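One chain, chain A, links the two complexes that follow: it is found with chain B in the first and with chain C in the second.
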Partner chain A sequence: MFELLGVPPQALFGQVLLGLINGSFYAILSLGLAVIFGLLNIINFAHGAQYMMGAFVAWMCLNYLGVNYWAALLLAPIVVGATGIVIERVFLARIAKYDHLYGLLLTFGLALIIQGLFRNYYGSSGLPYGIPPQLTGGHNLGFMFLPTYRGWVVVASLVICLATWFMIEKTKLGAYLRAATENPTLTQAFGINVPLLVTLTYGFGVALAAFAGVLAAPIYAVNPNMGADLIIVVFAVVVIGGMGSIMGAIVTGFSLGLIEGLTKVFYPEASSTVIFIIMVLVLLVKPAGLFGRTA
Partner chain B sequence: MTDLASSDTPTAAAVAETDDSAARLHRNLFIAIAVLLVVAPFVAYPVFVMKVLCFALFALAFNLLLGYGGLLSFGHAAYFGMASYVSAYTAKNWGLTPELAILLGTAVAALLGLVFGALAIRRQGIYFAMITLALAQMAFFFSLQTPRFTGGEDGIQAVPRGKLLGMISLADDRALYWLVAAIFMGGLLLIYRIIHSPFGQVCKAIRDNEPRAISLGYRASQYKLAVFVLSAGLAGLAGATKAIVFQLASLTDVYWTMSGEVVLMTLVGGLGTVFGPIVGAAVIVAMQNYLAGLGSWVLVVQGVIFVACVLLFREGIVGVIAKWIKKPL
Partner chain C sequence: MNLKTLLAATALGALMAAPALAQQISVKAGVLNDRSGIYADLSGEGSVIAARLAVEDFKAAEKGIKVEIVSADHQNKPDVGSTITRQWYDQDGVDLILDVPTSSVALAVSQITKDKNKILINSGAGTSDLTGKACSPNTVHWTYDTYALAQGTGGAMVKAGGDSWFFLTADYAFGHSLERDTSAVVTKAGGKVVGAVRTPFPGTDFSSFLLQAQASKAKVIGLANAGGDLTNSVKQASEFGITQGGQKLAGLLTFASDVHALGLQAAQGLVLTESFYWDRDDGTRAFSERFAKLNGGKKPTMVQAGVYSGLLHYLKAVEAAKSKDSAVVMAKMKEMPTDDPLFGKGSIRVNGRKMHSMYLYEVKKPSESKGPWDYYKQIAVLSGEEAFQPLAETGCPLVK
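Moving on to the complex of A and B:
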């Protein structure tokens, strides 16, 4: 077989694919963060914990209720999204009038609670979640072996990301959302129920995180700590992309995953820090972020 | 930004009225703290008191940045942890005396603060918090991947306490206690001085209204950077001292949970109050000691305190007291 830059193509494309998968999670999670930030003006620190909850709900569905992967893919976002709605109503709505940094502190506290509870009941060693039978195996593409499930994750996340983009940019509901982001008071004056919109938006952002969690469950072990470190990387992704644009979040997420994957091939020592280094470079060159408006 | 950390700024008239008596009250409080520091090792376990003092200094440093610079850093573990590694490493492998090891750790933390601070102050508010967190995570990965320096998962263990100035042995807890108490008191007085200096006043002005401070001719970003470096350096001082006290520097010190803990201590004690972080650190460290056997429940309890503080108790313990007696603390 031919070699690219001294790296066998199997390894290269394998890591590229893994990078794209990580990129899908970055994209979905930073998309959710951006949507929530747009309307609530808070950074949802619990996003990583909610991603983890998504994976756990899928695991519980399978092991306690015998509900399969496909149903969980729909059910977990609904369940976790519902908890998000409760969180918004009970906690976030109460502190909306204070400094936005309190939202960060509150959701950080929630993240600790959620993570601590799951760690108590399920330990931190991780639980296995099998790949659904329809997606096992893989295809030989000639230059690489493509595990079906991994291909599915990339496609499913792309579809979800684009659907979210379409909903926000092209539909009437999305127009309300954008209007409320721009000027909530005026939007409310036009008879749109902004508090309801805020609650639903938070629920939707959380549901996105849970969806990513279900996608991740068969790839990584279902683990109470799976979201904690991921969310910090996603923060860096958000800083790099800026939260001004939905498409920006998607593009940044996927490309950073890809870069991370390539770094794993060519300079593995830097693979865990490369995104932070890119963040530093972006801050030096374009502090508002690649797609950001000046904040 | 105004709401988060302005409990120490009542109206102008109230300030003029209470300024004098507040200064007297503060002086008395400093005397009371000094007396407490002298008595403490005789009534409590010295190592526990030293732990409280290290974390109190850490929280004071964090609060200097948040309460008086208006900047919420979610990555203060980087300065605390890196200083603790440097001081542990140099004390153990270079045989430095404890005071030099601590100073070197502090200097490295301040330098790290200069680099990270220069990057982070390019953004504000929530972005600032995210950037500091991400940079601190980078410091964590660096520590994880350089086991020759940090000892990796094991950390640097059995750090010698050494002899102060090469003469006085610190092996005894009581002896070490006086050094730690002196460092704490020095740090506290320095922070108090910074807050009440013209420099501190400008920082507060920038916190409350940055465009206005800029229009008055102050270079806001230089002031922000300066207060960031001071805060990072003092956090480093706390971390470096902690490494000598516990003879250990580990990954826990640089992990984001440590950044969260210092935020929690400051929040419980009272954001933007001079003395709040000390009370907050004492409460949280005592709580961790009591709950140590509960494993992951500690995380849950900390989370609950976080949520409760934000929802019901934003002023913190000392903030509430300050409100009662109508004087800034």
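Moving on to the complex of A and C:
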């Protein structure tokens, strides 16, 4: 039996797969950020809080309304997306004409407020949320035990990511969106309601975060800080992929999950920093990110 | 009011208050802990509530001792904790600091407390170094430490046949200290440690580390972490079929609040060591009921109970010494036996180690639990002498 740097290949396959699973969270979250940045030019720092809200809405659905996981998977993105629409209309629309920095500060402030409110009501140690009965258990793949739920996470996020990419890059609606980003005045002159498009896009990006939150609820602790821990990494992913690049966000999300997974085997102490090291390197060599277009 | 009258009024006030001040001692206690992060539920505002209850039960006002309680969030960062500590001691007139979870912060605060000659009664932190090589004449370590956790949970697991161990260790002072102390217990009892992995703190996904633990074929996976790290790793261990595969999990530091967050479905069967459980006897139940009313229905953790017990003993010592001079009060605290309904009778050793029994619990199955917070069944009791490190082995320079 050969070994690679002291790690047996079976263990390595297992870790590669795990990395992809974590990568799917990065992908779906950075995709939401990329959509919002690409089309609205807003750096949405509330993304982590919105991801957390998704998980909490799933928990509330189950505990207050008796609504199960599958319904929550649909319901939570709608509910949280709706709050996103309110935020866009009430706050973001007003500062759209100013510098990026204002949007960043505003959404960062909102994130702190949202997290604080949830912490106040639900405490910081988290709430229990079980794996849906249809997806418990797992399969022995020979080299590792793959829980069914994790398999589902990869499939679900891949489908959502590709569908989003297809919608923005290949459909008529996506063409409107891109046109509205390039030249809002001209697009509006063609009779397209640009403000509505912008609002719906933000709502959609937020809904993606909430969707990831529901996916995460059964495997990570549902607590108010779950988004804050993740959002910094996700921002690094977006920067590496290139701000605003849809495909870039998806590909980088999965590959960085993979790299992080491998770091956990070879040098676990560095696993929380490896993404930032890559970010520094990428910024030095390609400041616009791997998939970004220099303006 | 112009400045002159204001000054005159102040002077008059001071003059009138002077005789009263001569008899009254006023103490300012600072509760320094995590109020927003992963340890906020096991310490946080609950510890402040516990401190207030201690003042209430001591009947401080009737005894001529005025107690003021302040609190702050150290965010689990040693630099933040140090800054607050310095400000409290230098500018705000704080006499003692309570709680301080997160070992790295606790070690920093203990050092500053020694330099400024104040008092630290630590309840939240785990590292046994606080009463070992980093011991201080100004620090009492109240509730538990990594050595006692290792003796309790580690000893029990080895006795039950778990003689090979793999550690998932939170990569900071507390995790290292817990891994070291538990390894010593395991090896001494004839077991062996087959491996360990240091996980970045705080972490979210532990599946990768759990697979490494699984591949090691160790009989016991020792979780040398706490709070959110612990709940995430227990949850994911059950997801990856690790416990079903025959390996046992040892949650070396598990608080009641963690079990509450996990739910019994995921936490059942965990063996853990605590010095306080709300449902142990009438005394703990009575306290916990009062506490829960003030804390949104949540029962106290052992850390919060330790803040109550520690402040109560401090106030008794101030009363007996009729002084709040740090050295005098500390001598009195170590001389007087400790006694309260939460931890029973005990004492404080010369190295600052508070001695009391530790209890070994197993988390109930969902079918055994009668309702919320009914989580533990007691398996064994370790006396203070059995649980805590023998004085001679601590390496503390205060022990001669």
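One rule holds in what follows: the second predicted complex is superposed on the first by the 282 of 295 C-alpha atoms of A that agree within 3 Å, B and C clash if a C-alpha of one lies under 4 Å from a C-alpha of the other, contacts with A are read in each partner's own complex, and residues count from 1 in each chain.
Just so it is clear, a residue touches a chain if its C-beta (ideal position, glycine included) is under 8 Å from a C-beta of that chain, and two chains touch if they have at least 3 such contacts.
Computed from a predicted structure; not experimentally measured.
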Chain C versus chain B on the shared chain A, clash or fit after superposition: clash
Chain B versus chain C as contact partner of A:G109, first or second or both or neither: first
Partner chain(s) touched by A:Y220 [first = chain B, second = chain C, both, neither]: second
Touching partner for A:V265 - first (chain B), second (chain C), both, neither: second
First (chain B), second (chain C), both or neither touched by A:F37: first
Touched partner set for A:R119, first chain B, second chain C, both or neither: both
First (chain B), second (chain C), both or neither touched by A:L283: first
First (chain B), second (chain C), both or neither touched by A:F235: first
First, second, both or neither for A:I95, with chain B first and chain C second: first
Candidates 20-28, 74-82, 200-208 or 236-244 of chain C: the single one with C-alpha clashes against chain B: 74-82
Chain A residues contacted in one complex by chain B, in the other by chain C: 116, 119, 229, 269, 272-273
Chain C contact footprint on chain A (complex, rising order): 8, 10-11, 14-15, 18-19, 21-22, 116, 119, 123-128, 130-131, 137-138, 144-145, 147, 149-150, 219-221, 223, 225-226, 229-230, 261, 264-265, 268-269, 271-273
Partner chain A, residues of chain B touching it in the complex: 1-4, 72, 74, 119, 122-127, 129-131, 133-135, 137-138, 141-142, 144-145, 256, 260, 263, 267, 295-300, 302-307, 309-311, 314
In the complex, chain A residues that touch chain B: 37, 42-43, 91, 94-95, 98-102, 104-106, 108-117, 119-120, 228-229, 232-233, 235-236, 238-239, 269, 272-273, 276-277, 279-280, 283-284, 287, 295
Complex contact set, residues of chain C against chain A: 36-42, 44, 171, 197-200, 202-205, 207-209, 211-212, 214-215, 227-228, 231-232, 235-236, 239-241, 245, 257-258, 260-263, 265-266, 298
